[in-house]
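Two complexes follow with chain A in common, the first pairing it with chain B and the second with chain C.
Then we have the complex of A and B:
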């Protein structure tokens, strides 16, 4: 194990050295350090050229400059980072990086989590309903999204997700035709996803359509869009629903102890709703508080599960913890959205809450909740753009590997010995089907961190991708090198994580190999 | 079912009910409660979009001299002179500039009574002395070459040998002021003496966004640790007058890099300013906020309380931001897509004007190509005829009609090498230089005749341009068509790295843009004088050189115009090249802003910020 790590570290260092050396020379050859002077008609242009050449030390051979850069960069190993200067901005690279990294992580984290969860789920359902209308529909949709260019999606999202939606918020009315169409489509989707015989399909279709219709009507009739919060009723209902669904997925409703655990957790959550509102009001919140409360919630979930004991208390505890986490999420979302009205009326927002550019609204002073809401309205569109595109590939991967696993003998055996379908799918098939994803996801995350260039540019997020492309445009060598080192390192780490994940998920594989 | 579990559940539920009895003090949490709606009721806010972030308060260093900085410092500082939208010089609020003697040229700067820095220190002699001295290079003990050795690995000029002085700036006008200026008793009047007459004396110091430069007392405080403003100012004056290289070294270091920042600086001293706006917020890479300074006592009255610069480099994203109300005023890169997208918007005004950059075709005189006399055994006349023939084929009107008019309906052919259309001297020069008659464009027959006269058969012309720029690519196609019809053999040398090939002799004709920064008459010197940096074509003409010598010391505008007209007539006759058009510039603003106007040179649409009103 240690030998494996050591070997990997050494080879990584070697690869990084070669990569940075080659790229440094290539970039130095390519970049035009005088790009801003080329068209200048300044009378003292000769001196300007000379000053630039000296500023960048261009008389020194590039190879020597590389080693000077390397000397500074290797200082990072001992905590004396010197990654050079972005000469055009006159700024140290080390002071440019933290802001860029934070922004990118903000952008990428939510998008990745949602893309994976939703992608795996849709892929799973699509595989189970192979060759049905639903499956074809999902296949069509995922190929469509996969082939969409992100800059085009981004522009469309801004047009309809922000500009038109903000116009709509000013006067949220929708024609009956639209509402009915939406309800019917939703009915069809649910029917396709749940499948079954025609006797089961029709009630599903009607039920889903009616529920959708009611929800849409409720949202429009009560003006919910302009004060979107769940309230104790909403949090309670979603919590109870989450309890049932999560129990069904993780243990099956047949496991009564697990069901009682999750329901109890949901009820406790509802009970804690009001006290929490008091806490949020009296105490200035922060992410540390949020994390603390989440830990407490998960603790309660585990405790309730263990209190119910039974043959396998940890199964109940796990379910309880899951329900607690989901409840906490909804309580958080509810609290954030309570500030919607105030936020929307703020003069800096001016009734147009969904933003098309930037990571925050300038000059919006607000508490923890308002700041988060502001972050959210800015994150919404770029996240959707990122999710839409990576969602497609996750759906395809999951569907493919799930189908392969479902066709294997041991699944037939499991079915033959009479296991319920839920157990076959969730416990025996899905876990193995996730193996290929384990090698794709870490690499994907890294690609997103380094590669959200277009999304960041169009949405005006100053993250890593933007830093890279801007430095390119400004012909600044040092920030580009820093970018290359960081993404290169992360790529290596991601592959390492993938290897370990593989070993954890698949007992046949050992990292020593 | 074990009853105990039910019991636990019921107990918890009961406890929950009890707890929930306390109603939170924030009301029922309904989103549409009586929100305060922020605390800035009644203040007017303007969001301006720009494609590049601010990076330095000092707009006079080689690197700080950028529009992205100027548009901020212009609003934060007063000045002596600024350009209006007709490119005419107007008086600023800092004081007056007058010529007190013609020979030797003496210029007196008088500070207005209410000219003060925002920390209460008056603006006076020390400030303008620092402003001049830094640009003059007079006090640099080290030539730029020596400094190279002092730069650290990254090339920052931060650390120098003790006692050596290097101000990272250069201006030919200030360099002509060799004597330390005369300063009145109270420091409110400063008289500079030029060592020889200088045409552009009016715009040499205190122009536009440069204001009076950096606050001398802050520079001294940072560099020398002198806390008292008056003493600090005196220290600066003493350092320059006594050429105290130790103090000057510190001052130069602070002046070069001490005022560079890319997010809100912790040290408020860096934000000391003379104008009506103060900087209140600066989020790296995202936005920068200026607010009307309540302590400002000068005469400028601004109509907008808060100006926020939002940074976004994508033109289409900026247009959509205007539509979504996130930006009110933008000047994106002009393309037909952006223009048509902006014109679709309701409640938005789109204005197209001439920008600061102009497109031109230049020929190479010294590379052994078809335009070099060397190719014809030193026969000047033949080479000239070939040059004239080539320029005659350039379809100037067609280029403008097909490529520029769609973006700017009022676009015209630019007929002057040195002056931008609309500037005071343009009409006179165009009338005299003969470019319009000589090279009307697409004159294939005339070109063929000239070629015949020269006795040169189908010369090969290698044409360099940026082929990643679609507009230049289209221009090349149009030029190529006509030239080939007239008998030229055109080789496509399109190259994205055209900039680094300038003047290296691997091409015969080039197409690119020059960007004007002022309307100073001496600015074109670097383009046309023998062996100057911007004279890529190797053009050399003694008469032109002589005329520029004359122009440098000519202070009478009428004479300046005459000299420039003579220079241009020679350039036309010698077939130096042709000018094509001014790049179109797009100003897009929401109807909630009034009185927006843009001028060709920096700071473009910000020039009359005090007239802005928002509703």
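Then we have the complex of A and C:
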């Protein structure tokens, strides 16, 4: 295995080296280093050209310049990075990069995680309900999302998700027709997703429609949109619901110990709500604190699960930890929402909270919660665009692989020996169906760091992709080369991780190098 | 290096296929055994799938039975005919009164469309509206559709040829040549296509680039398409190589070699027909990727540029006008989505048609209706004929299958389920 990975790494590194060489020459030919002088009418134009050629060392052949660049870049291996300069801005490339990388990771992480979770879930349901109306609807939708050009979606999102939505926030009223349509659509969707006989479908439809109607009506009638908060009631209700749903999905409600564990964890979470509010009030928070609190919460979940003992305590503990994580998430969301009023009234925001451009509002001073809220409102639209685009492939992928697994003999065996459908789907089928995803997800995550080019450009998000496009527009060779090297290296790493993960997870894979 | 720890994705196009050499119905089995009702007179609806047909006929029948693909074909053909006839092509004039460059007086305030939902039968002078200097948006969008379709087709052809040739050579000869070609492929895959595409797009549309002294406007779109095709062939090459690696171990290749066929003949006449499925399906899916890529590059300004028109370029040009003249933005985007969607559906239909494991099992309702027509008593259980159907727990499979009342399904009503359940 190690030999295989080493060989693979070496060969890909060599390929990357050749790619940088070819692209360097190609870029040198493509870029117009005098683009700003072409229209110039300055009397000393000849001198300007001369100076530019001098600055960029254009008299040296490009091949020689490549090796000079390579010497500087390979200095990174020993801690003396010299990736050249962005000549138009007069900045060192090494000073441009860290900010760009951090920004891109900020943008990409949440979007990828959400896309994977939602995509896998939808794909799973769609596979279980194969050839039903719901399945066809999802299939059509994912084809539609495949076909959506991200730049088009992004411009629409800016208009309707930000500008119109901010207008709407000033006077949040919706006609009854819209509310009823939304409720009916939600009812149909839930009915399709849950399936079953007509005797089960009709109550599901009615229930989902009524609940949606009530929620929408509540949100509009109480002016929730302008001062959103969950409060102890909201957190408690979502926590209890999460406890039941997660128990159902992970062990089935038949496992009473797991059910009691998750309900206990939810109740403990409700009990800790007020003390946490005090903590948030008196102590200045940071992401380190958040991580610490999350670890504590998961610890509590595990402990409760183990305390219930039983034959298989780790199953309960796992469920407890999941519920605790969900509870912590909602407590966090609740606290962030509490800063909404203050944030929205801030003169720099002026009642238009959803941002269309950039990563943060300038001149916005605030504590941990307000700055986070600010960065979330900026993340919202680009994340939605990214999720919409990558959701479809995860859905299709999970659906296809799930159908393949569900058609296998061991699934029939599992059904034949009388296992409940939940166990068959969640334990026997889903785990194996997710196996191929292990070789896709690392590649996706890591390539997205270099790949969110269009989204970043449209939303003015100064990450790696925007750095690349801007440098292309400014005809700066060195930042582009830095971008290419970093993206290429990440791709190499991603493929290695994918191969390794797959070999570890799937015992059928044997590697002979 | 042939042992990468990956299997093919769930799309699973690597299943060995029976070609002409292995007999027309090698996978599908003799027709008499498939349907439980095969012995009763004319071939039953399940059996009809496999009655002694050639591979090509089975594929064709499955493809033509695929509603989504057929709808896609139809819409795509309609769009192409509409766009090419409206604006004309080359020296042939089109039927539309305006062209994409001339500006005229602005009809409605701000150039709003003269065609609206309130009065859908009056098209007026500018059905899709006008831009700020009075150019007709309909003409521009139609011209954009022409260019975008042309770019898409050229990309498809270039990628098809390159990917097939390189993949076939690598898979057939193996050894050093294979290793070298696969490293070249890795070199293309290592960077996102949009990045390499922007660099090459800038090269092609930049001032440094010239081809036989022609002005850049004449060849910008085809040149861009060729260049993009030259970076999109990699996935196809990998798949074709995989197929060839598997096929060259098969007996019919040995027989051909023993019979004295040369390498080229074996590849072209014996192996290539067996990989047609993979090639066609992936080229189609690649073309849907291509049209979005072209649009994205033109949007970023590294593709087709201003005096020239393409759908992405139109969106780029008009994106800032979205608040004041939304129609300029809507129509171009709508056509990109429509074209990509159609191509995706066609690709999906082709994939299902070429996949031997994909046996179309008619829905229970359809089988019952066929029974009723044939005068038999409707109502049979789902029988496990198709692999795809056996393991799943569709609502139908679990339901006690007798006496199917209409409307019992609850969703979508009778018609919707019927049409879709027929094929997939």
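Just so it is clear, the second predicted complex is superposed on the first by the 506 of 513 C-alpha atoms of A that agree within 3 Å, B and C clash if a C-alpha of one lies under 4 Å from a C-alpha of the other, contacts with A are read in each partner's own complex, and residues count from 1 in each chain.
The rule we apply is simple: a residue touches a chain if its C-beta (ideal position, glycine included) is under 8 Å from a C-beta of that chain, and two chains touch if they have at least 3 such contacts.
The model shown is predicted, which means the values in this text are computed figures rather than measured ones.
Colleague: Have a look at chain B and chain C on chain A after the superposition and call it: clash or fit.
Modeller: In the arrangement built by aligning on chain A, the partners chain C and chain B clash.
Colleague: Taking the superposition on A as described, I'd like to know which of chain B and chain C A:85 touches: first, second, both or neither.
Modeller: A:85 contacts chain B only, not chain C.
Colleague: In the superposed arrangement, does A:152 touch chain B (first), chain C (second), both or neither?
Modeller: The second partner, chain C, only.
Colleague: A:457 in the overlay: touching chain B, chain C, both, or neither? Say first, second, both or neither.
Modeller: A:457 contacts both chain B and chain C.
Colleague: After lining up the shared chain so the two structures overlap, which partner does A:129 touch, if you call chain B first and chain C second: first, second, both or neither?
Modeller: Once the two structures are laid over each other on A, A:129 reaches chain C alone.
Colleague: Would you sort A:168 into first (chain B), second (chain C), both or neither based on which partner it touches?
Modeller: neither
Colleague: Of the partners chain B and chain C, which touch A:160 in the superposed model: first, second, both, neither?
Modeller: In the superposition, A:160 contacts neither chain B nor chain C.
Colleague: Now for A:314: first (chain B), second (chain C), both, or neither, which partner does it touch?
Modeller: neither
Colleague: A:218 contacts which: chain B (first), chain C (second), both, neither?
Modeller: In the superposition, A:218 touches no partner, neither chain B nor chain C.
Colleague: Can you check which stretch of chain B gets into chain C in the overlay, out of 292-300, 490-498 or 544-552?
Modeller: 490-498
Colleague: Does any part of chain A touch chain B in one structure and chain C in the other, and if so which residues?
Modeller: The overlap between the chain B and chain C interfaces on chain A comprises residues 32, 155, 159, 163, 457.
Colleague: Under the stated contact criterion, what part of chain A meets chain B in this complex?
Modeller: 32, 34-36, 38-52, 54-57, 59, 68-69, 71-72, 82, 84-85, 87-91, 96, 99-100, 155, 158-159, 162-163, 166, 223, 226-229, 231-232, 256, 260, 263-264, 267-268, 270-275, 277-278, 280-282, 307-308, 334-335, 337-343, 345-348, 350, 352, 354-360, 362-365, 457-460, 462, 466, 470, 478
Colleague: If we count contacts the way the header does, which residues on chain B are in touch with chain A in the complex?
Modeller: These residues of chain B touch chain A: 1, 5, 8-9, 12-13, 15-17, 19-26, 28-33, 35-41, 43, 45, 47, 53, 55-56, 62-64, 66, 144-145, 147-148, 151, 153-157, 168, 170-172, 257, 260, 262-263, 280-281, 283-287, 289, 306, 308, 310-314, 316-318, 320-321, 323-327, 357, 497, 499-500, 502, 512-517, 520, 522-527, 532-534.
Colleague: Using the touch definition from the top, list the residues of chain C that touch chain A in their complex.
Modeller: Listed in rising order, the residues are 1, 3-7, 9-12, 183, 186-187, 189-192, 194-196, 198-200, 202-203, 206-209, 288, 292, 295-296, 299-302, 312, 315-316, 319, 322-323, 329, 333, 336-337, 340-341, 344-345, 348, 363, 387-388, 390-396, 399, 408-412, 416-417, 420-421, 424.
Colleague: Can you tell me which positions in chain A touch chain C when the two form their complex?
Modeller: Residues 4, 7-8, 11-12, 14-16, 18-19, 22-23, 26-27, 29-32, 127-134, 136, 143-144, 146-152, 155, 159, 163, 188, 191-192, 195-198, 201-202, 205, 397, 400-401, 403-404, 406-408, 411-412, 421, 436, 439-440, 447, 450-451, 453-454, 457, 468-469, 472-473, 480, 483-484, 487-488, 491-492, 498-499, 502-503, 506, 509, 511-513.
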